[in-house]
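Two complexes, one shared chain (chain A), two partners (chain B, chain C).
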Partner chain A sequence: MSKHPRYVDTEKCIACGLCAEKCPKKVDDEYNEELSKRKAIYIPYPQAVPQKYAIDSDNCLYLKSGKCRACEKFCPAGAINFEDKPETLSLDVGAIVLSPGFTTFDPTGIRTWGYGEFKNVITSMEMERLLSASGPTEGHLIRPADKKEVKRIAFIQCVGSRDLNKSHNGYCSSVCCTYAIKQAMMAKDHVKDLEASIFFMDMRTHGKEFERYYERAKGLGIDFKRCRVHSLEPVKETEDIYFRYIDDRGKQIETQYDMVVLSVGLCTPPSAMELAYHAGVELNEDRFVEFSSFDPVGTSRPGVFSCGAFSGPKDIPQTVMEASAAAADATRLLRSARNSLTRTREFPPELPIDAEPRIGVFICHCGTNIAGVVDVEKVAEYARTLPNVVHVGRNLFTCSQDTQDTIKNIIKEKGLNRVVVAACTPRTHEPLFRETLKAAGLNEYLFDMANIRNQDSWVHAGQPEMATLKAMDLVRMSVAKVGLLSALPGIAVPVNQTGLVIGGGIAGMVSALELADHGFNVFLVEKSNVLGGQARHLYRTWKGEPVEPALHELDARVRSNPLITLCLDSTVAAAEGFVGNFKSTIVGPKASRVVEHGTAIIATGAQGYVPEGEYLFGSSSRVFTAIEFDKLNMMGDRRMKEAKNYVFIQCVGSRCQERMYCSRVCCTHSVQAALELKEKNPDGEVFILYRDMRTYGRREELYRKAREKGVVFINYEAHQKPVVRAVEPRRMEVEVWDHILHEPLRILTDIVVLATAVIPNPATAELADIYKLPIDADGFLQEAHAKLRPVDFAADGIFMAGLAHCPKPVDEAVAQAKAAAGRAISVLSSTSINLEATKATVVEANCDGCAMCLDVCPYKAISLVSVQGTAGKLNSRVEVNLAQCKGCGVCQATCPKDGIFVAGFSLEQISAQVDAALAG
Partner chain B sequence: MEWNMSEQVKGSVLIAGGGIAGMQAALDAANSGFYVYLVERRAAIGGKMAQLDKTFPTNDCAM
Partner chain C sequence: MSFEPKIIGFTCNWCSYAAADLAGVSRMQYPPNVRLVRVMCSGMVHPKVVARAFEKGADAVLVMG
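Let's turn to the complex of A and B:
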């Protein structure tokens, strides 16, 4: 591995920005898609981690021509190091995870789009930056050519995707439809009366909650046009963009927009291909990592895993799931070495403290960030006059490593027992200072921060005198509060290192095996008497892998694994507890038992929608659901053997008022089945009646092949559904509106296959009730965060996998199952969990058990208990479960009797702070 | 896949790429008791997601 020189010592750099201010060399800023400039010494973006500068050696004047060194001259921290050299490191690791990501398709030079030539044609990545408040226009939607506010904007879909003519990418990039909707929505938010149109072939909003998002966009007046735009042309005088298209009535329309956004697809960057080569990992013809549906984060090389867009275009939640799955799979091979290389910091024992506060105040200059505005010397002088303050220090950068040592020594020398740091925000720096207190033998909660930068010098830069007075106020408030703080004991809860998995489908089996392979005991609970769930009805995956043998293998591995206790014909009837300490009652065919476990994974699956009465289903013996069709076809049913013509009808029960979601798997299934029928009997006619073909990602290849083989695709709209009539004893007529011919089309067919919706399993809601988990509007499990926590619940220690979360194909269910196990393992691999000590605390003398706090607690951490009172009377009062309490303080604000408070934020402490604020 | 665990198994993982995928994988591996080397080509982690303004379908800030 080679480490590039940064030329900035990250230990010393305090990110004051003086270097960049003085640097004379301007460079195109890649973060803003080169729509703005940065300097040759720079921080990639304002919130970058690490928040440290770096010198771009390709552009630095000194490194290029030997002259300048301005940054070095002005750096107040002495952090510039031009002697920095490239290093070659050799690392010995147990496993490798590749996550190099994607690059967007570059449409430069393609004449039809005119990108790079017409100034008002931009890519979606550039649009992203134009919409951002931290972008080159501070979020104002103005066009590049003349800085005119954009009033009419068009988005062109599938640029560099689903296109083998102008790009080499036959695949669908999966995310562009929904990101275009998002950008159009945000743009409308930025510019009142903006007209936004999206030109698309198929609207692919197949993700969780995406269909509703699409409907919302339509409601906002965003115009969706199903057509292909042939080419763009500039309008000379105005620099607007002109183009023609054919509308849904077959009429040619000429139109003009202020700006056109090209919704560019996702591709593997050359650097990632190089990485694959070095790692010895095979890529497929679309330059993505090849994987199997049952091993979605594996690669062609054992011990090397991949996640994210490296194995195909995908959205953020899928990427995050794969990342957790890859971590789980990579570490599974290394389980015998768990905790062998990790280190924990050791701290000296805590010193007892005197009741009398001895407060130390450390005031930070933050380079010139604070000291350039606030008269820090005056603030320091003032701090010395405050009660109980025995030490006041000033530091150029209080957060630097050497200052931590200084603070530690001063605490010891002067016997400080409370510390105030007047500097920046506790959000980023409180953990650092708390560590310093611990290192000095002080309890970490005897600390407070006064934010005299973000809330003072930065926002009052023009009024230095007032800012100085405000800094004094803030310091006085902190000193008043910190004097009343007491040491809080650390809280740790033990972890029962056993997992529970509910649901024995493919997701549940994979989760259970992953946990067991990591060495943990698992209870796997399945309601029926067989394992396999919905996958037992599946014939093969979208990649063509047969499902049945894979299921058999999983089944055998589950049954033979000594760490897995399999509970068939069983359900969970009751549960209590919290992360690390759950107790669930499993009711089996003969008896019920209570099991103790540290984590739970809910993988209760879903069901197929039964289209009773729709399209002659139930009344004709030749109308089937997709699953029935697969089975009969496989068994060689007579009706299938005799049939010549087939009609598939998509979106049966999906994307409608009752179920405003896409079932994600049905388009690919119909295309795959149609393709096989066509291959078997090229003379037979196969029709697919669809609303939008959603063969996302590399599934697009199947769609392309099906069209090549002569499968006929006919688009229908939701308000004009096809009609199926029985016309002959064994034949039916399907009528659908033909958009090209503008007349109803009647198809005689032998078989009708209905692509029915995936609907939630009612058992999921029952279970959600037992574990107090949220369910979304469609009846699926609600994750903690749509993007970043796609397998977690808001409650710690419980995770989800598979169809219970939302409709998905096998490979995605397996990835989520591995991810859920991985998340559970991060809990199970410790014997205890340390918690923040700022928790709700009951004042027993004041609490009379009115229970008002019970109702408001968002974490259900409070319960009512009976206690023995005086004279044999039973009194009720509340009790707090520390593991569930997050210290939010809602209970404290609700309690009418001062019966509960959050440690570190008591009424007395906060009042002292308020009084001090008003005392100035 | 099962193979014989020898004494030399290393309790460390190399993660190449510090975007949202690499960051999540690194956190999970580290929180499960393994030492992680997170390698990123650029001067900061964050990847493509850090360049996004909002995320669908909640319109949450990507940062």
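Let's turn to the complex of A and C:
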């Protein structure tokens, strides 16, 4: 591994930004798509981790020409190191995860779009920066060329995707339709009367909740036009963009826009191809990592895993799932080495503290970041006058390691029992100072921070006097609060290192196996008497892999694994507990039993929609759902053998008022089936009647092949559904409006296949009730965060996988199952969990058990209990489960009797801060 | 002298307090009239504390979360 020199010592850099201010060399900022400038010493983007500067050696004047070193001269922390050299590292590892990501398609030089030539044609990545509050225009939608506010904007989809003519990318990039909608909606937020149009081929909003988002965009007046724009032309005087297109009535329209955004696709960057080569990992012809649907994060080389867009274009939730899945698979190989490199820090025992506060205040200069604006000396003088303050110190950098030692010694020497640090933000630095308190033998909760940098000197740079007054106020507020804080004991809960998986479909089996392969005992509960779930009805994956043999293998591995206790014909009837300590009642065919487990994975699957009464389903023996069709076709049913013509109807039960979501798998299935029929009998006619073909990612290749082989695709609109009529004993007539001919088209067919929706399993709702889990508007499980926590619930220790979360194909279900197991393993691999001590605490004297807090608690952490009162009476009061409580304090704001408070944020403590704030 | 309001802002540790930090990182400038109190959730701000702020002389109270 080679490591490039950074020329900045990250241990010393405090990210004050003085170096960048003094650096004389301006460079195009690649993060802002070169729409703005940065310096040669820089932090690539505001959220970069670590928040440390780096020198761009290609542009640094000193490194280029040997003159300058301004950053070195001005750096207050001595962090610049021009002697830094490239390093070659050799690491001994047991597994490798590759996640080099993607680059966007570069449309430069392609005459059709004029990108790079016409100033007001930009890429979606540039648009992203224009819409960002931290971007070059601070979120104002203005044209880069003439700063004119944009009033009319067009998005052109599939630039560098689904296009073998102008790019080498035949695949669909999966994410552009939704991001274009997002950008159009955001742009409309910025410019009230903005006219936004999206020119697309198929609107592919196949992700969870995306269909609703699409509908909302239509409701907001975003104009969706189904057509391919031939080419763009600039308007000479105004630099607007002119083009012609064909509308849905076949009429040619001429139009002009202020700005055109090219929705560019995702591709593998050359550097990642190089990485794949060196790692010995095979790429497919679209330059993505080749994988199997049953091993979606595996690569051609054992021990090397991949995740994210490296194995195909995908959106954030899928990427995050794959990341957890890859981590699970990698740690499976490292199982024997688990915890062998961990070290535990030892702290001295806590000193008993006096009731009388002895407060130490440490005021940080942060180089010149604070001291350059705030008169820190004055603040320190002021702090000395505050009640109970026995020590005030000032430090150039309070966060530096030597200052920690100083603080530790002062705590001991002066007998401090409360500490205030007036510096940056507790969100980044509180953990560091808490460690220092612990090292001095003081309870870590006897601490508060006054935010005099991020929320003072940085935001009032032009008003030093006011900023100084504000800093004094903030210190006074912290001193007032810290005096009221008490030592809080650490909370640790034990973990029962056993997993429970509910649902024995592909997702459930994969999750159970992953847990068992990591060495944990697992209970796998399946309602029916067989394993396999919906996958038992599937013929093959979109990649053409047969499903049945893979299912057999999983089934055999589950049954033979000694760590898996398989409970068939069983359901979970009741559950209680919290992370690390659940108890679930499993009701089996003969008896029921209570099992104790540390985590649970819900993989209860979904069902197929039964289109009773639609398109002659149920009344004709030649109208089937896709799953029935697959089975009969496989079995060689006579009706299938005799048939010549087939009609597939898409979106049966999906994308409608009752189910405003896309079922994600049906387009690919129909195309795959049609292709096979056409290959078997090239003379037969196969029609697919669709609303939007959603063969996302590399599935697009199937769609292209199907068209080449002569499968006929006819688009229909939701308000003009096809009609199926029985016209002959063994044949039907399907009528559909033809958008090209502008007249109804009647097709005589032998078979009609309905691509029916994936609908939630009713058992999921029952389980959700048992484990107190949220269900979304469509009846699927609701994840903690749609993008960043796609397998977690808000409650700790319970995870989800498979169709119970939303419709998805096999490869995605397997990835999610491995991800859920990986998340569960992060809990199961320790014997106990340490929790933050800021929790709700019941004031027994005040609580009368009115239970108002029970209903409002978002984590169901509060319960009502009976306690022995005076004179033998039973009294009610509430009890808090500390493992479930997140310290949000909604209970505190609800309680009419001051019967419950959050330690560290009690009414008294908050009020003290308010009083102190207004006392100045 | 012009009127300078005293404003108390209750900010959630996870969102609005973080946003106020980010405003600093981005060097956005705003009037120095607000004093922020960090809470673990805007839902923990009892109406009594809001009333108290007004009693003690706040001209405005912001609850952000």
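Please note the rule applied: the second predicted complex is superposed on the first by the 915 of 920 C-alpha atoms of A that agree within 3 Å, B and C clash if a C-alpha of one lies under 4 Å from a C-alpha of the other, contacts with A are read in each partner's own complex, and residues count from 1 in each chain.
Convention: a residue touches a chain if its C-beta (ideal position, glycine included) is under 8 Å from a C-beta of that chain, and two chains touch if they have at least 3 such contacts.
Just so we're clear, the structure is a prediction, and the values are computed from it rather than from any experiment.
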* Determine, under the contact definition given at the top, whether A:Q657 touches first (chain B), second (chain C), both, or neither. => neither
Notebook entry, point to check: Where does A:S271 make contact in the superposed view: on chain B (first), on chain C (second), on both, or on neither?
Noted result: first
First (chain B), second (chain C), both or neither touched by A:Q252
neither
| query | Between chain B (first) and chain C (second), which, if any, makes contact with A:G207: first, second, both or neither? | reply | first
Margin query: Tell me the contact category for A:G889 with respect to chain B and chain C: first, second, both or neither.
Written below: second
Check: chain A residues flagged as touching chain B and also chain C 133
Residue set of chain B touching chain A in the complex reads 1, 3, 5, 9-35, 37, 39, 41-60, 63
The chain A residues in contact with chain B across the complex are 1, 6, 31, 33, 42-45, 47-50, 52, 54, 91-102, 125, 128-129, 131-133, 135, 139, 178-179, 181-182, 185-186, 207-210, 212-213, 271-272, 275, 279, 302, 307-310, 316, 319-320, 322-324, 326-328, 330-331, 333-342, 786-788, 822-823, 825-826, 829-830
Touching chain C in the complex, chain A uses residues 46, 133-134, 425-427, 451, 453-456, 458-463, 466-467, 469-470, 473-474, 477, 838, 856, 886-890, 892-893, 902, 905, 907, 910-911, 913-915, 917-919
Within their complex, chain C touches chain A through residues 6, 8, 10, 13, 17-18, 20-30, 32, 35-41, 43-49, 52-53, 56-58
